[in-house]
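Chain lettering (A, B, C, D and E) follows the sequence in which the chains are written, and residue indices restart at 1 in each chain.
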Amino acid sequence: MTNRSSLRFMLLILSATFAFLYIPISVLFALSFNASGLPTAWTGFSTHWYGELIANSDIIGAALNTLIVAIVSTLAATLLGTLLAIGVEIRRRKGRVLETVIFAPMIIPDIVLAIALLSFFSMLDFRMGLHTIIISHTVFNLAFVCAVVRARLKSFDWSIVEASTDLGATPPITLRRVILPVLTPAVVAGALLAFTLSIDEFIIAYFTAGSGRDSITLPMQIFSMIRFGVTPEINALAVLVMTLSVVALAISQRLNRGRLPGQ
Amino acid sequence: DDLVISNWDGYMAPEALDSFTEATGNDAELVLHGTNEEIMGKLIASNGRGYDVVFVSSPFAEVLQNMGLAEQLDHERLPNLANLYPEATELAHDPGNQYSVPYTWGTTGLCYRSDLVDGQPDSWQDLLNPSDELQGKTTMLATDRWLLGAGFLAKGYSVNETDPDKLADVRNLLIEAKESLLAYDDTTFYAKLVSGEAELVHAWDGWCNYGIAENADIEYVIPREGSDLWVDTMVILKGSENKEAAYEFVNYVLDADNHRWASENILYKVPNQAAMEALDPALIEQFPNLGMTPDEMMAFEQLRNVGDAQRAYSRVVSEIKAAN
Amino acid sequence: MTSTLLSLANIEKRFGELRAVNGVSLDIRENEFFALLGASGSGKTTLLRMLAGFDMPSSGHILLDGHDISQVPPNHRPVNLMFQSYALFPHMTVAQNIAYGLEMEKLPRTEINERVDEMLSTIQLTHLAERKPEQLSGGQRQRVALGRALVKRPRLLLLDEPLGALDKKLRGEMQLELKHIQNTFGITFIVVTHDQEEALVMADRIAILKDGELLQCGSPHEIYEYPVNRFAADFIGVMNFLPARVDSGALRAVNGSRIAAPLPADLKPGDNALAAVRPERLRLGVADADNCLNGRISAMAYHGLDLHLHLETPVSPHPVMVRLTADAAEGHPFSVGEEVSVGWSARDTRVFTA
Amino acid sequence: MTSTLLSLANIEKRFGELRAVNGVSLDIRENEFFALLGASGSGKTTLLRMLAGFDMPSSGHILLDGHDISQVPPNHRPVNLMFQSYALFPHMTVAQNIAYGLEMEKLPRTEINERVDEMLSTIQLTHLAERKPEQLSGGQRQRVALGRALVKRPRLLLLDEPLGALDKKLRGEMQLELKHIQNTFGITFIVVTHDQEEALVMADRIAILKDGELLQCGSPHEIYEYPVNRFAADFIGVMNFLPARVDSGALRAVNGSRIAAPLPADLKPGDNALAAVRPERLRLGVADADNCLNGRISAMAYHGLDLHLHLETPVSPHPVMVRLTADAAEGHPFSVGEEVSVGWSARDTRVFTA
Amino acid sequence: MTDRKPVYLMTPALAWLTAFMVVPCLLILALAFFRRGIYGGIVYEFTLSNIALVFDPLYARIFLKSAGIAGLAATIAVVIGYAAAYAIASMPRKRQPILLFFAVLPFWSNYLVRTYAWIVLLNREGLIVSLARAVGFDGDLPQMLYTETAVVIGLVYNYLPFVILACYAPLSRLNPEIHEASRDLGASEWTTFRRVTLPMTVPGIATGFVFVFVLSIGNFVTPALLGGGQFQMIGNLIYDQFLTANDWPFGAALSMFLIAIMMGLLTLQTFASEKASGQQRAEVSDD
């Protein structure tokens, strides 16, 4: 796997994939700096749209709400989904399975889940807001996290779990000190996936949001703006979000040099 | 609590709520919905709670009424109703404005690039069965009622037709029409005209105006077979906990100045006589369809809730969309 | 000191159709060094896993200090297992692997460090303390697994092939260390090993498993000198078997010659039997031997400290093996094809039912 | 038949700072059974991995039939490796694991099936052919790994501890089988083993690795009887070392007594030296012995076929080990604390620089 | 005790799912057995007509069509995503998290924004065409936007990172010696990949495939924007029943149908991937 020609081949695959992933991104990057804001023609470099963006408190507020929803529901889903995956795999190894409930959140059409939750919450007279979006996002996110972690658990060496127990660790300690660290790459992958899903989710968020502005998420905001096409501010926002993410990563890298998630 | 109003994006003057607050002392919040369907779904599932005033198209207002979610309007509290054209108080979906107040109205027709399209299109056939040059350069509205509407009008049927045979006719017509279509689009069709991707699109008049604003070669025409009369309305919800303020809001909108101001901002006709009479003539010059009179519009039939026939409509639309 | 620590009562473990462990009953005494021997797949690992608590016996009971521990989870049993496959924690260094069990006991950090350092030097891995398992050689991994189990000083330590991957030198040292730890801390050991010499040297008692069943259990001397049956005799050490028949109180080889040997009571005239004698009990020449045998050298093998001769004889279809000390061998320059006579005494002969 | 198959020229492999293999040069002959011995971590696996083509030497060359194969990928080398960790395919059954290598050769299905069946019976796993590796015992897994490599009948077969997890009985049978396969198919074997006896019995030649360096390479007899230095002597078998000094042509032990031994030429008067003698070369009594020694029995160990005495003597800080045959031992009922005299001859003594 | 452990690991998630999925969804899905009111709404009168309607060939056709598009998108995404995950997993271990990060980063922009970027690229007057013109190509380019191809591209693009993540998880710690053993036995890199690595990572592939498939079949934004609304996914159909037609009973019936089929497929997939990856019940317990 480490010989040079296959390494070169791997680099080729990576470059091609990343090119595919980033071509549309470079388009919106360019658009965000296009003076006219129209996708049709380049009319000169301008940071005008970034100014517009900063001034647009609706968009900024929605973006912040999205971030809150994504982060909290990712954390909750990662925790619940990972534990679920481990539990299911332990159990499956013993021969009993209960897959359906676990797959369901992925398969249930968004609109069904959305309407069901809204009906349910209003039946119970549940106050709605960001928290109800978070609760709802956690439902499907945890299923996705669970699926990723399970894919990894299929090739997990369970004898180290026995070793840990044998050495006196209680199940929670084994979980924390042995299973989770070994699963870290998969858990990180699951969390990234949940975060990504949540950040983009529209229907369920729309239906489970409260009725005020304080629980409007970015996709809700953007979908409602669709009749004007994608405005250049939104492109600017997308660029800003990605840039900030890279900056955050760089800072966290610097803070714990050499220690990355997944190591 | 703040008054919560749900409306489409850009369907009010941007500062409208601030001046409402200033004028009445009521705090108000605007939330947005992308489509009628979204807000309807949300209202039905939550049993009409959480919102005070919603902006929806007339068939949806009818549904709100049928489901018992709409407030029976107390006209005493809406003195500005008097500003409406008489025609606007007797609209078919809600004669006497029992539960809804018209906010905007207009027609559905063809919006096209006069610089690219040969001659002036004047028939639904120009859309459904376009000339060779227009192949792959037309779009139709995607929402089921308006999509079918184009077919009904082309065939000379009622836009609320429920006869199965006639529905089948329309289905066949629209399936054929699909061949020459670039896309179904009810959100960005005007942008496609501006970019030149499309040259002739099925459009609501006001929205065609957005195109005209960017490219003066864009024009709007009502085909000779006619149009529907669409009406977007304001509905106060029965479940509203701020009815007082909700009435004040609707009344505020109906104020001649305010409603005119809205029209100038969003380039839609408003059913407000006082407002329309005060409209800047230059605007009508630039956007001729703003000049259409209630009289002319009343010639057209309104979309109505079709009850059980909705199932057949959905099915037909599915058949069209599934056809290749 | 001979009180019973662990009692297995009729333990059975099934995997589907297969009975991996089949009705084993056994007492292990306090502070004993107990060796489990058995062919590959005979159920040794399965047995240890049940003692450690990872598998439930399909039936039977396990008593520790007289209490049934079948329901006690592994982390609450004062029992540790060193895994045959090592089961090292891949994300921890050598030192962390070893410290883990002590941390579970919530010992003070200084004590943990002390004991880990001590263990590292015992297993001679001090210089690799910071390595991850994947950067270790096979033997180094085994030593980490061993150290990780040993450092806990449990009452009962189960070791599944603890020294299998080590060279002889290191194995010798580790054996001494195991003995030392046992004596110092009074730990009871159950060791699975395929190295019979290891078992013979180190164990107080040995159990032989065959196809999940307990064949024999006894001191090394008993097991080596008085195997209960043909299989046990064959399994431990090397044994020459001579087919024979009981004939009016005497044993006769296939060629009719008499074999002088103590006859077990249950053999009746006419029964088929096997006479057995260990290669090292055969001596060159027949002077004052109870039994003697002539044969032709069919093969010779040099084993460092001794020389093995394979003899073709009239009394057995298989070559008879003779083990000569290097000393004895150097007196005679043997060559293949040569005829030699060997003798042995009656008391070195065992007789089994065939 | 003694043409060189494989030549290693000054092979070196570094992991960071560590030189896991350090300047090894070696010729392996066609059809030879070559054993690699060395302490845990001495670089044996690393060396095999370079031969198989998984690791590139940091420097040096590997020639097969005179051609440099450093750049040949593993699947194009007529070389197979049996992994110390087995590396079985977890998703394939035993039979599929074994068939895999033959399928790679695109052999006809019938031949594959035939050879797989044959190999299954060789490794005695016919009844487990349809099991997955995780359902096998340790020894069974090892046999699958062995079978998977053997069935390919390559020109050069590298075996990393092929029999380490097997009980003695089975190991003996497998050893014979290895020899048999080698003879039948003319395969050259390089076997890593920690079992010296295995190496001594089976190998045509043995190489001893120490800290990545080649210490000695020669026939088993050479290695056992004429180790090149103290380490080699100590590593293979058991050796008693007696510290000594060269004193005008003679060797004197620490207590001043003379040690009769052939002196290596490079030892000069005044040098420190070590006299070495194997335990089995010491005899009870001093009749016609060149050297003699009195000692007190400090420990006794019964090894089945022989008895080991540990003697405290004035000539060495460590106990001197004596290995007596069971026969010889049964004559004397020894007891700890007893004084005994032992003797040995000059030609059994080796002398090393200290 | 080993029996209790999995239960309490699963309890929080299962409780969550029960409260916020099972109960609410059962309430809604049960509507499949009731009648739609004349003006929408529900008439609580038992009927199987909604269920029967699902088996109309029209809906089967829509289902097959959208399954076809989703399947194609999932297949392409799995091929690209697996290759990328494999490449990431074969990079030095400390680089891997960064590579993963950059693989998902584009997807922290916004779905619509990315989809519009594709419109800008693909449309008749778009960048790709302009680029082709700029380099001197003046033939007719096929219509790219508003085609099935565009829909598939959009789906693949948007769900690719999920495949990468799903495949990376099992690839991240494959034992290299198993790979080496295969090479040693005479397999080329490719054969090793096909016969060893691939089967051992089937769970990841299956997971990735399922992700793209379920997300695609329920997607309506991409078909609307990149497909010009000319392709209807089953998710879209269901959405329309609930929101446009206000026909909850039929929407519920369609949903049940979709869920049942997907469950069936998933059960098959679990079964198949367990066979392929060598997972088996470790023991036959006697209880």
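Details
Following the convention adopted for this analysis, a contact is a pair of C-beta atoms (placed from the backbone, for glycine too) under 8 Å apart; a residue touches a chain by one contact, two chains touch by 3 or more.
A quick map from chain label to UniProt name: A, E = Spermidine/putrescine transport system permease protein; C, D = Spermidine/putrescine import ATP-binding protein PotA.
Since we're looking at a predicted model, the values are computed, not measured.
Seen from the Cα centre of subunit D, the chain whose own Cα centre is farthest off is B. Looking at A-E and D-E, the interface holding more C-beta pairs in contact is that of A-E.
Distance between subunit B and subunit C, defined via averaged C-alpha coordinates, is recorded as 90 Å.
Subunit B and subunit E have Cα centroids lying 36 Å from one another. As a whole-number value, the distance joining the C-alpha centres of subunit C and subunit E reads 56 Å. Annotation for subunit C: residues 15, 73, 85, 90 touch two or more other chains. Of all residues in subunit E, those that touch two or more other chains are 2, 125, 173, 200, 242-243, 277, 282-284. Within subunit B, contacts with two or more other chains are made by residues 38, 41, 195.
For subunit E in complex with subunit B, the residues that touch the partner chain are 36, 38-41, 58-59, 61-62, 65, 123-125, 143, 145-146, 224, 227-232, 237, 240-247, 250.
Across the complex, subunit A meets subunit E through its residues 1-2, 6-7, 10-11, 13-14, 17-18, 20-25, 27-28, 31, 39-40, 79-81, 83-84, 86-88, 90-95, 97, 99-113, 115-117, 119-120, 123, 135-136, 138-139, 142-144, 146-152, 154-155, 171, 175, 182, 185-186, 188-190, 192-193, 195-197, 199-200, 202-203, 218-219, 222-223, 226, 229-230, 234-235, 237-239, 241-242, 245-246, 249, 258, 260-263. Remark: subunit D residues 52-54, 73-75, 79-81, 83, 85, 87-92, 100-101, 104-105, 132-135, 148-149, 152 touch subunit E in the complex. Of all residues in subunit D, those touching subunit C in their complex are 15, 37-41, 44-46, 84-85, 135-140, 142-143, 160-161, 164-171, 194-197, 200-201, 220-221, 224, 234-237, 278-281, 283, 301-306, 323, 325-327. Remark: subunit B residues 2, 4, 6, 8-10, 29-34, 38, 41-42, 45-47, 49-51, 187-188, 191, 194-195, 207 touch subunit A in the complex.
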